[in-house]
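Which chain is which? They are A, B, C, D, E and F, in the order written, and residues in each are numbered from 1.
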Amino acid sequence: MNAIVSNSQLTHFDASGQAHMVDVGQKSETHRIAVASGQIRMSAAAFEQLQPERNKKGDVLAIARIAAISGCKQTSQLIPLCHPLGLTRVAVDFIIDASLFSVSVQVTAETFGRTGVEMEALTGVTVGLLTIYDMLKAVDKGMCIENVHLLRKAGGKSGDWVHSNDANDTNDTNDQ
Amino acid sequence: MNAIVSNSQLTHFDASGQAHMVDVGQKSETHRIAVASGQIRMSAAAFEQLQPERNKKGDVLAIARIAAISGCKQTSQLIPLCHPLGLTRVAVDFIIDASLFSVSVQVTAETFGRTGVEMEALTGVTVGLLTIYDMLKAVDKGMCIENVHLLRKAGGKSGDWVHSNDANDTNDTNDQ
Amino acid sequence: MNAIVSNSQLTHFDASGQAHMVDVGQKSETHRIAVASGQIRMSAAAFEQLQPERNKKGDVLAIARIAAISGCKQTSQLIPLCHPLGLTRVAVDFIIDASLFSVSVQVTAETFGRTGVEMEALTGVTVGLLTIYDMLKAVDKGMCIENVHLLRKAGGKSGDWVHSNDANDTNDTNDQ
Amino acid sequence: MNAIVSNSQLTHFDASGQAHMVDVGQKSETHRIAVASGQIRMSAAAFEQLQPERNKKGDVLAIARIAAISGCKQTSQLIPLCHPLGLTRVAVDFIIDASLFSVSVQVTAETFGRTGVEMEALTGVTVGLLTIYDMLKAVDKGMCIENVHLLRKAGGKSGDWVHSNDANDTNDTNDQ
Amino acid sequence: MNAIVSNSQLTHFDASGQAHMVDVGQKSETHRIAVASGQIRMSAAAFEQLQPERNKKGDVLAIARIAAISGCKQTSQLIPLCHPLGLTRVAVDFIIDASLFSVSVQVTAETFGRTGVEMEALTGVTVGLLTIYDMLKAVDKGMCIENVHLLRKAGGKSGDWVHSNDANDTNDTNDQ
Amino acid sequence: MNAIVSNSQLTHFDASGQAHMVDVGQKSETHRIAVASGQIRMSAAAFEQLQPERNKKGDVLAIARIAAISGCKQTSQLIPLCHPLGLTRVAVDFIIDASLFSVSVQVTAETFGRTGVEMEALTGVTVGLLTIYDMLKAVDKGMCIENVHLLRKAGGKSGDWVHSNDANDTNDTNDQ
């Protein structure tokens, strides 16, 4: 870091270092997919509330699923330099781990467009996790959201990308 | 878990197990504070981009700060059962850890009202972290958001609450 | 209608006939409640899809419930002259009528404020019904939303009000 | 209903019964049109307020028209599993029936895209009707929204569709 | 500017120079009013289109009025550090000046709260003016928005304030 | 103006004078660019606060830049008859004029679509200017927003257009 070098690596800044919504007009419209996941760890008492028989008709994960999908659609209003774009598919999966008292949320977002949907998938994951927190916080305020990351993406000029999980990153193993 | 018990522990469900926006009309208007934090871990290459001299006028954290504040204001549109409420203060702090290549975001939200602002603080944290991801993803798509949790809250009937981390260390240190 | 009379009956217009968001600053903050309902009639085939065992984990009404609550919160963005206001409670009930192949949605909205929540309750009802339509339209595009109206309100200077159902308005009878 | 059959008829649920935003990525972009209508019945006193000479420059229906158009644009924020999409045209027509003291709102929505605009048209209709209610509620709180339904759609794989009015459904007769 | 002094004059920055949503929790709830105005100058051809007899039922200013009111309600989503707050009244007036081919928009916003509504009034003015531009741009793309400023405010600790028009600022004279 | 002529010049009104969102379905998708600008004049005291050394890490213009970009994305929610559309690029430039105590904001918006982005560029400019006002109003409430106009547009059937600055419109001269 001795020499000041250009910041061209960050596409959200132009040559003079100003933030902008980067020009994607020259990119071609392609099918783009992004998959992201994250998890929330909780106490045994909170985890027990996730059991369907506890909440009769109410279902924490059903509500979190809808919130995650709606959250994907609000991405460009939340992330300042994100392009507004259409979505052709959003799917949400949950993995409940009774040994860790944790729930994983995985969101798949797809579009046909000039830019990727990584931020949409990640935003969906976090809104889903925050909604689980909100639903269970009466029982456990200390829950912790962890390991929110992009699992893989496909489409676009940069092509396919898969997260390189190392040995310490066991949480992802079952997601892919 | 032998017997089915009532789900009254989850305030977001009524006696018949239906989700609802819980009645806070009987609560008194008090000064309420919530502080939440979370962090994002990244590669050395991405971390280097955070240095101000790399981005001239553009500043990743300045943009994340604004996004976090705006995110707080969008909480009730994101979290289905959250009450819409006014905010009397939002502040955002960053802690950069060069040894871990990580950035912590801490958001303090305050209101005078009938319900707490925990979700606002947590939403601000996640939107701030997602914005950092968005700004740096051209360099590192594998960044990971971790340890998003409530640090403390004050005000309201349930009174003060502090995350039960080792008391000797300031809020974040032992969260991992 | 021979003589032009003042339009003072419509509070949304001022003395010169201009639309405005009416001044509620002089009103006192009181507990206000509004209850509204409406229904959607559908084919037998669509109605059958509402049975829980048909959709396994997916639940049309659970999603409509969340949409109705979220819809309440978006009222002031949808209805031009509505005051933005906080909500202290929103509850949604469904009544399924197997003889009529219909579902009724009833929304109760509450606040402490200077203006009523009738529009919030009515907006919640219609968003809930539209969501049912959206979920079932693959089976029946001809579904019809009917009988959306205010059942009762309480609070405020104008005091309590209950819908006066006449004999032809049998749909409401069971709602109250 | 003896046997549990698959719920494949509801496209908003996947094979395992989970709600999702259905994949439209394989659909071709075509010109899509949807026309929906609905009406609001009111007292004679409220109906009289609709006369232009009553409200001078203020015009209830002009405001409802703008609300209906804006409402169309907010559809994907209101209906959880709706795809966000562009709109190439929105038009709103009113039919005033002095004999029934009713106003019908008809909305035509169009797009070029991978999914239809039925929900946009229906949402526009209901927001228009709710706005009329809001404007006139100072005179009549008992107004009733009725007969909100899709009149016809064109475009897309499922092709053209027209509502089949039967004899009991006389309200539609004049709409087409 | 020889010495670096503290930036305490800008309330939106804290003592360390970080942007924040300023703490208004200690302020008392008072009746607050703000009045702002601005104008748009246009060609004779565009100005002629404002005449009611040109557009039959369509009315450029009626639509701009609704847009201005809706714009006020969206202020805290547009201005990053603005507090979300309720509004107890919004009124919009137009002054048409045939000699200058200009239209002035004046917005009065009111609330009872802990912070002022200057930004709401100014946002309403600009959204109203932008809507006039949008409606007339088919005739004149060169229209210019000018002189958007706060006319006066009342309420709050800083008390009443009136814009001090100097001799060159004749546009305001008639507004007050 | 003796005779009533058709209002066909205003595309936002149909043949019967009703406002509508104009049909752009027949237009071809082309690359469209719009550049708009505007300025805010302020007191010497407010202008001095813009100096970076005054606000340490806080930067008024950096925040205004993000607000302008976010504002562009909210255009169709603010301007009633604007089509919702994607944006492929947004860039914001500031010109600080120390002799006039003014800041100019210039926004470039681009898309590939069936309709232009003039309103997006103009909305971005005004939101940027309003944000500067908000940040500096603690020092100077009398600031004035001026000269907000379209500089040029390209693309679409109507082709390229450049603002024709006359002699009285000296503010624009340097912008192009």
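Points to keep in mind about this one:
Heads up, the rule we're going with is that contacts are C-beta pairs under 8 Å (C-beta built on N, C-alpha and C of every residue); 3 or more make two chains touch, one makes a residue touch a chain.
Everything numeric here is computed off the predicted structure, so don't read it as measured data.
Least step count on the touch graph, chain A to chain F: 1.
Note on connectivity: the fewest steps through touching chains from chain B to chain F is 1. A count of C-beta contacts for the chain pairs C-D and A-D puts C-D on top.
The greatest centre-to-centre distance from chain D, using averaged C-alpha positions, is reached by B. Taking the mean Cα position of each chain as its centre, C sits at the greatest distance from chain F. Of all residue numbers used where chain D meets chain F, under half belong to both copies. The two sides are thus made of different residues. If you average the Cα atoms of chain D and of chain E, the two centres end up 34 Å apart.
Taking each chain's centre as the mean of its C-alpha atoms, chain C lies 38 Å from chain F.
The set of chain F residues touching two or more other chains comprises 18-19, 57-58, 62-63, 66-67, 70, 74, 77, 80-81, 86.
Contact annotation for chain pairs lists A-B, A-C, A-D, A-F, B-C, B-E, B-F, C-D, C-E, D-E, D-F, E-F, with touch applied as defined. Against chain E, the residues of chain C that register as touching in their complex are 14, 18-25, 76-77, 80-81, 83-86, 113-114. By the touch criterion stated above, chain A contacts chain D in their complex at residues 31, 62, 65-66, 69-70, 72-74, 86-93, 110-112.
By the touch rule above, chain D contacts chain E in their complex via residues 57-59, 62-63, 66-67, 70. Note for the complex: chain B touches chain A at residues 1, 4-5, 7, 9-13, 16-19, 38, 45, 48-49, 51, 53-58, 60, 63, 66-67, 70-71, 74, 77-82, 118-119, 122-123, 126-127, 129-131, 133-139, 141-150, 153, 161, 163-164, 175.
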